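Data block below; observations after.
For reference, chains read A, B, C and D in written order, and residue numbers begin at 1 within each chain.
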Amino acid sequence: MPAKSDRPLFIPVILGTARQGRQSEHAARFVFEQTKKRAGVETELIDVRTLPMRLDDAGEQMKDAAFSATIERCDALIVVTPEYNHGYPGLLKHALDMNLKEYIHKAVGICGVSAGPFGGTRVIEQLLPVMRELGLVTIFEDVNFGRIGSLFDKQGNLLDQNLIRRLDKFLNELIWMARVLRYGRENVAPV
Amino acid sequence: MPAKSDRPLFIPVILGTARQGRQSEHAARFVFEQTKKRAGVETELIDVRTLPMRLDDAGEQMKDAAFSATIERCDALIVVTPEYNHGYPGLLKHALDMNLKEYIHKAVGICGVSAGPFGGTRVIEQLLPVMRELGLVTIFEDVNFGRIGSLFDKQGNLLDQNLIRRLDKFLNELIWMARVLRYGRENVAPV
Amino acid sequence: MPAKSDRPLFIPVILGTARQGRQSEHAARFVFEQTKKRAGVETELIDVRTLPMRLDDAGEQMKDAAFSATIERCDALIVVTPEYNHGYPGLLKHALDMNLKEYIHKAVGICGVSAGPFGGTRVIEQLLPVMRELGLVTIFEDVNFGRIGSLFDKQGNLLDQNLIRRLDKFLNELIWMARVLRYGRENVAPV
Amino acid sequence: MPAKSDRPLFIPVILGTARQGRQSEHAARFVFEQTKKRAGVETELIDVRTLPMRLDDAGEQMKDAAFSATIERCDALIVVTPEYNHGYPGLLKHALDMNLKEYIHKAVGICGVSAGPFGGTRVIEQLLPVMRELGLVTIFEDVNFGRIGSLFDKQGNLLDQNLIRRLDKFLNELIWMARVLRYGRENVAPV
């Protein structure tokens, strides 16, 4: 058994909507706080509302040094995203497209948010081809924040304790995959 | 056989990217010009770069009176979009999400654009759930502008005449579906 | 306003799984019975378990005269399908691929079934590209039979009366679209 | 740097169609032969036409000891599949659904086959949610066998030598991911 890398895993949480009145912010903050509690994990909350994007350009041409460095440094990502018209928020995709090689061979887990009962199942499916093309490995655990309005109160306090257990399972899988892929990036030579 | 509505069909073309140096603009202008030639069809070119969108909001809250009125008035849409990382451009989705009921029971056709050989096949697939949720009917003809760099010269002149025939087939189907759905909206009572 | 075609609409219901112990059969029978009650609608239940398919072939080469004639005659389809591993049952696709031109310009509505809470949302999304390529128009109303085990008792009696209202809304939209597309097939010349 | 597991990687190739006259067989045999040449890799060709499936059942209830043992033993899979009506062949899905836990934390690469120019891009996208739910990690390299009729002669001899290079890149990535995930399964404790 090899010595594990001693550095903590770096797993930022991306809040994928800039919409005024967004309820996904409660979900993202909850995910961020729970991730922060994990031993050996560093995290930070990235809000697409504060990324330096533009309305007259797209893609790597909008590359931002700080965001790029964060993605470059990360071992995994958590994306917390509402579902808009069965797809992803435009600004989430606008943000994801700002980087390219920074994502390769890292893990990602997706938390879907919806007002209705289905917890963003459809936006999760839609993100799979995008994540794959970016070089990310999407884990097979999700968190579905369905009926978001009844999961948190207006101050963002959690009302449904089952989510803690659900998120724990998700984080367990994400951390496992992040460790495995970091081992691969650092120790397994390209073929 | 009933008298057809005498108004021309209104079928705007949406250029789905704001990226600097976008080659999809050649494709969109070509589609727009060919659509304009059709008898009984009015069109206009909608450029997502000029829509009044915001980076700190999303959805119907950004609703713009002029864009909303255009969609309300249209009988069908043509979306010309590049494929970014196997998905749709963020700003295209950001724009589509600005309207809701305006889309219902209208037709849409999608033209995919890519630098590589596959002509945006993947972005077309990704848009299907979104179009459906908006209430649009996506026709089963597409136009695939693959290897866009060799289809037009730098001034936007068409280099591959096969596209005219391909686009004609697409427009035939779109116009048929637009007529049928307009008949339905105007003459078939909700059940 | 034109005279409507006087023939009833023909809208078969396809049960999309052959799995032993399938709970989707309750859902399909419920959908079939409710469809049968609609004035001006004829229906029949098609069970993929009884279609003459083969394990050493696929596609139109397995074409069956009776199934082909049923699809040819129909104005719309209802597909009731469970979700297996986030996709469609293999035998449902095996069956759908047996016909081709018979589907063109007809309507389809999809009812998703799952043991868990999400009611087949993912299988519905997966079927959209297939339905479109077949020439079918997928309506934007779905029925989601989530937690199927609690929606019907073992004899198939409905336990959740909300489904009647939900299915009614779905049938309303499907019948509307079936009428509109039939009008189109019969009265609007190809462009 | 830890000692690598000395066992060869086991990477079977699945031919995903049973259709009479299938041209995908040429592609699958080519992929199989090239995979066999790789040092440190064992392979075998699995033909869905010879799997013991049934038309009156589905899923793990059809579990076959030999197929299950093959999947259990494998480190990665290669799926060679045509695209039928923009989706996967029914019998491929019927076969994949026969196993469940055997797939977890293994790699998969997908080769798409089509008569037309797009090389199965759409069937690849459709398989992503299925592969993920099975616990497989789909690599981000594909091989697209477009215009299959011109890539091989009738005896199955390769006519386009570019495919060797393309497949090499795919196999490099698949072998890398298979090694990394095997390391993970064997050495990284569940969290």
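In this section, a contact is a pair of C-beta atoms (placed from the backbone, for glycine too) under 8 Å apart; a residue touches a chain by one contact, two chains touch by 3 or more.
Since the model is a prediction, treat every value here as computed from it, not as a measurement.
Looking at C-D alongside A-C, one finds more C-beta pairs in contact between the chains of C-D. Interface note: chain B and chain C, two copies of one sequence, contact each other through mostly matching residue numbers (shared numbers exceed half of all numbers used).
Comparing the centres of all chains, each the average of its CA atoms, the largest separation from chain D belongs to B. Chain B and chain C, compared by their mean Cα positions, are separated by 28 Å. Centroids built from CA atoms put chain D at 31 Å from chain C. Between the Cα centres of chain A and chain C there is a gap of 36 Å.
Among the residues of chain C, those touching two or more other chains are numbered 86, 122, 125-126, 129, 132-134. Interface residues of chain C facing chain B in the complex, by the touch rule stated above, are 1-2, 125, 128-129, 132-135, 137-138, 140, 171-173, 175-177, 179-181, 183-184, 187-188, 190-191. Only residues 17-21, 49, 53-59, 61, 84-97, 122, 126-127, 129-130, 132-134 of chain D touch chain C when the two sit together in their complex. Against chain B, the residues of chain D that register as touching in their complex are 86, 117-119, 121-122, 125-126, 144, 146.
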